[in-house]
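Each of the two complexes below includes chain A, the first together with chain B, the second together with chain C.
On to the complex of A and B.
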């Protein structure tokens, strides 16, 4: 093999392959397929948080112009998969019983969908929905996390399996904290945050035959959706098709199939027409999950010279009364630092609220707010620079799993981040640096997320003109999956990127898992690699069989395309693809290849790491916080698409600014209902809130994690951002805010 | 909505609609108030499918992306819903329906307008430009090119609104500095967080278009 040839493994910035479709309005999202005879459904939600429906008066709605049906538990067709014992057939990763829409008269959360009005136009459905009158029998609800914290419990999975990630965890000495020379203890609260992607959750449900369903659905997994609806409707999987070619953001809320999807499918069955259902922005707060409000308490014991002795970390996160949602809030506390003693206690609290779902950087982002704030607080208490304190407790192997890291390049991140943010301008003592009338502060926070990988399959076809077309069921919620896969294929084959197409977002395509948990490039990338190598192997075999001796002992790695010419080890193989196809009388060759995680996963701890640095200005009189600069450093393995990867980091940092400063779904517990339920009241960052964001990638491959060398990016982009900003605010003002968001009232 | 609505009045859609109850239809309540008694009477006796349709829609003349159209629209229909559901111009996006996110931004007579807060009937005689109307054939508008070059988007859902707003921002004279752009683009939310790249794209177009 020619080394110089393989040095071209460097990935260069590439414009998004679907960019043109997105800037011309041609990209079709789930509500944008114009089917003939479409009907429109609008959902009516409950006005109470707990109780039963006493009556539904739908007469006026039924008589309104254009209304085709008013559907509720009273008249909904029986969903075959709803089991008599109350089991829901789909199997989300949440334990428990997903809400069965229109099943009975029980109300389990406020704004639970209880009626669907279906009409010939959107306006008619909306008007019809306004005419439905519902009476309730109200029961006392519980929606307040803090007020009901005493009822928090161990997750069922942890009860069953003491090795479950949510089970109680202890290492080292139990009372190590008590005897530590320096003891620190604090409580932190993260409010409910809502994904709020720009695209409203939408579905078009179309029964193409009695037992044949097509959904155009905003989801993060087409195969998951296919499987769930096949079970729900008791039809063969191959009779369910899920199309999600473009997904207008999701950030986790498409990792679960929700009641509104089933409602649309029921409606389509009942009115015998395709039904389009688009949630309202308010319904995005109550029907498709959220990051759960979480209370945390952390104790950190250290020596006076900055060695950790113990960390005890506990959390209570809210869940619904019917599903047990859990996340990895406390996992990084076990492995981020070399603390000899660590204990974690993870609890959930079922309330009369809808089920939460993983939101970008799930759990870890919540946990990192407490852990990384506490690290900053302890460093301050012992008079150490917070970076020096972290470096003093750097761990060269995973202290939780007792395994070596597959790769870990955090030292590079500390060095580069310090330089880029201007850490030397930071003063140990808060409130010492000013810029005009503004107080200036510097802070940082670290993050980590598992370099997850699952099985994935890619079908690839190469024609005689050298066009490579691939298919995979994976979705792209925005990171640029198609672009990344095209780059991997181009790098593996030498075929130029404009001759490669990657089709995704359909359950008709070969298997892939969910686009979630930062696993896409790590999982689908290797399948692309495998398919490209299989095609090369076919070409080598073809060429060798035709007597081209140069190919006899060639391996896929040796073969590359240079325009139409084939090369072996960087030298011309004196044949072209067209010749080879002609000799064999072929129009195209194709292959389907699966790639799976290997046994390295049992030998190494595989994680991506990030480090975020923030420089903030705080106005001493108004308490206004302006983030002036953010530096993001990531050890995410190989960066296969530098351009879109940088955007992903910028996006994560932007989400982190929202977590830190503005996002807060406020519930009025008298009614169990959100009062901030649109984008005017629930504040996500806007242009004016976001400064220049500088991104640094270590960009060293982790070939133990997967053959592409990637460790995943989506989650670490946000994990650690909120504490970096909170720590910077402390450095600016000397005020420590332990309940997010850091609004001005908390600083003055 | 049936696509044929865009060029002709809706025909009888199904048996349900033929049984429509006139007096319950909010869209025509005002109409009923001023309608001759005979019409109201006809409605009461369910005689009025055609009369009803006539009352529910009103013709609007407007130019969309350079093409003159006469459309029957319901007075309650927003410009956004007419574009998306009646004309299948789905490039204009619905992100909130309350004028809070900017995803539905279009140009009306050259000014940026939130189409979710504008009733279609109010656009009589006006020129509407949507994202679909920006490119000249295969040649993209400089703002579209700049968005691709600077990766001013991820999921792409807010993108049409950002582009329409970005063009208007320059035309309004509000793109003279980075801070200016950020302020005057703050009505366009991008949850993926492509803001710095969007600002770069707008700056580049403001400073004379593509420099690749």
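On to the complex of A and C.
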């Protein structure tokens, strides 16, 4: 193992390697490739939630200046991959038949894309789109989760496989809750939330030849996209190229290929020109997924001195009528606390809405709102400090999987978080602390997410000047992947960071999975490590072959660059890169290395953990909540890029503030249509909502999880924030809000 | 968005003429509201008359009043020394609206004429009597958390979204307009209207009238005024409820009072009865509570906005407390 390597060096904060490109506008996002002869497509969405299209009158649109085509199910070319009963090409978790755009006249959700108007400019396409007249035959729709909760069902995957994470789960004694000395029961509701990254979903589809497709596409997986479109268009994978060099935030909505992408590809084929399609902000609410509205009920049984006896946790999350989206809402209830009895019941409810998709902290963030609120409520009921209550039920190993943790450093997080937030100022009884007119409250919540890892391959090239250039298909949706990889390479080789380049975001590059599930550093990082070590081995072999005996038995870990010199285990330089390359008559050396999860995954339970602390002020008469301070503690393994990692935590906490206090996609169920669907009405936190966010990393490597020692960060950054704030609001006011967001009307 | 003509007016008269000659023409000032509405096909003027070149940006002290040009920017007014000194309430209200970027574009005239933010008004797939008379009021039985509790009609329950206007109505402002028949003055309270049977009409300006300026008479409120806005996030959101409170306190007794509310009616809602209840009383929380109760008389809630009946009086009390320096 690599322990020595980590003992030797410390990862230092590094500015984003692409920061300058981003702030100067030089970074190119999907919609920013000026291809010659480009056409522009605008999508028209349905105005009913269920039914059929009776007629489409496109005459006026077709006659409008600059309009090249008006495409719908009436005239769209046949997409070879539209199987009548096809399975989803990529997403196991959205089991079912993804929406086939322009396939037939069926309407399955409101604002479903049904017509594309393609024109020579965006404005002309927009004008054309305003002229299309569509008539519908309406059918009764169902969009209301609570009203239709009775129709909730087990996911197909769970029916097939009782071991599936969404299957019913029981541990311990069935009726343990009933006989517990302290019984607590409550329901919690999380509204639909929408990712709303800054960058709108956009694609340029370009058929370079009849069977050769290039897409500049805002996605979280270039290889996934390549595979999906190869399948959809029945062309060889190598004929599809997906470019996503820069992605302006995604939070999960790029983990699925959506109908608008296929619409652009169809349009490009039909007008025989590259077609650019950018969704509107409103379409971001209806066409690219969202965090599903979820109802939860939780029962917690405990002893009077704070030992958990049982937790029963059930949830119903909405999905579309055509795909079964599931997420891990109830998973942490099984493993976070040492409750001898645990039951979970996960259900989905198909409605006439579009398919949801993973959104930051998917499932866990939803589940944590219920679980961590309930923990706070029980602690209050038995008069115990909520941290003491959690510590009394700390799990030393995973009670769900019956395996030891690879690492778990939550005790450190409790200690540090308490100190930093000023927990000692918290009173057990709510409503006791004031600052002027304002009530002051403290709360906390924990979170966890699997330390996921998948296979990844990196190609690396070292030239005689000591420049290291790497390539990998992974995307960077904002966390600073390039920066992190440069830091890993620099720490592994000793090459200074300004001589290292990491190219990403193209399906032309070596394989990597999706940027999702906090798996990038854990998956691609080890491949970078492997490639760097392979290069070092080549250098050692070269040096040894030239009679440099000190190198004969050297290991990659012994070799480090010191500027252009190669040093062995701290001894003085034996050779220089230039000499070595010259002696061997080489311009560069290169390597391609894959790194994969190993058998440790069958022996240990691997999780990253987070803990958020909030201090809030609540105005007793106006109901305003001001988050005054947030402390984020993370046990995420090695922090390879301290600066971007801190930014990740700040971003996650900010998302958590939105979840707790402001974000709510409100639907009018009479129409099955959202009414808050722009950034004026759907409130993401603004600067004034976001206080100082103090970040603490345990920063201890988990070398069982992967050779970099990292456990992932993106998801845990948000999980637990909303309950921390809700708990703080309760501590301030004595009012418990169980349906998010906590807006002023709920507190007066 | 439909295709439209664009004309840059060089005099107020030319602007008025352009409006008179085209029933579908509209003034464009900062464009921060009108362009959004055009993009969503909620409004579809066939001609835009740009008044940015008109000399209407000045803020002037005249005898006994301050005059603010219709094209003065929201940010310009909010930051103006004279305004901050004489009418801090207006400065506060402006700064409580929108974002710095929008305030840098938005004009005083445009702010007055901005249209409701009712969700149904904005979505052409949904019914709305204001946008499409006779199509029904989507909000009445729908999502009406943001909607009015005063002065509603069977046809419309929308609110006027402006913050600036709440301060202006409290400060007894007067609007100067010019039209084909010449100039006229409209007391601010009469500028906007209740929906009644014609929710499509937001205000009493004629189609071809142009706002030239707004005047605020000098007063004795500068020491004791406060604008309080309660919203769903700390900044950059429309009011759930807002209150403009202005007091003239001598000794401990209230000599004069002005009170207006936003987020509760189709027009900036002046609370004259409550004002009367304040005058001659000591500036105490109890006095304020009594006035707040009077202020809320006649309020009527819908499915999702009942909270305004409780939040409203609380905000009145808080705003008055702040104005009186009790907080």
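What to note about this one:
Operating definition for what follows: the second predicted complex is superposed on the first by the 729 of 748 C-alpha atoms of A that agree within 3 Å, B and C clash if a C-alpha of one lies under 4 Å from a C-alpha of the other, contacts with A are read in each partner's own complex, and residues count from 1 in each chain.
Going forward, a contact is a pair of C-beta atoms (placed from the backbone, for glycine too) under 8 Å apart; a residue touches a chain by one contact, two chains touch by 3 or more.
The model shown is predicted, which means the values in this text are computed figures rather than measured ones.
Touch criterion met: A:123 reaches chain B and chain C at once.
In the superposition on chain A, contact of A:210 is made with neither chain B nor chain C. Of the two partner chains placed by the overlay, neither chain B nor chain C lies in contact with A:599. Using the contact criterion defined above for the overlaid structures, shared-chain residue A:396 touches neither chain B nor chain C, since it reaches no partner.
Of the two partner chains placed by the overlay, chain B and chain C both lie in contact with A:687. When the two structures are aligned on the shared chain, A:653 is found in touch with chain B, with no touch to chain C. Put chain B and chain C next to each other and count what each touches on chain A; the higher total goes to B. Of the two partner chains, chain B is the only one touched by A:25; chain C is not.
After overlaying the two complexes on the shared chain, residue contacts for A:666 are found with chain C alone; chain B is out of touch. Residues 123, 127, 680, 685-688 of chain A are contacted both by chain B in one complex and by chain C in the other. By the touch criterion stated above, chain C contacts chain A in their complex at residues 1-3, 41, 99, 117, 119-120, 123, 125-126, 138, 141-143, 145, 228, 230-238, 240, 307, 310-311, 314-315, 317-318, 327. Against chain B, in their complex, chain A makes its touches with residues 15-16, 18-29, 31-32, 34, 36-38, 40, 60, 63-68, 120-123, 127, 131, 195-200, 246-251, 278, 280-281, 477-480, 643-644, 646-648, 650-655, 678-680, 684-688, 690-693. If you check the complex, the residues on chain A that touch chain C are 47, 123, 126-127, 130, 436-437, 619, 621-624, 626, 661-662, 666, 668, 670-671, 673, 675-676, 680-681, 683, 685-689, 741, 743-745, 748. Residue ranges on chain B touching chain A, taken from their complex, read 1-3, 13-14, 16-17, 19-21, 24-27, 52, 56, 74, 76-77, 81, 84-85, 88-98, 100-101, 103, 130-132, 134-135, 140, 144, 147-149, 151, 153-160, 163, 181-183, 185-199.
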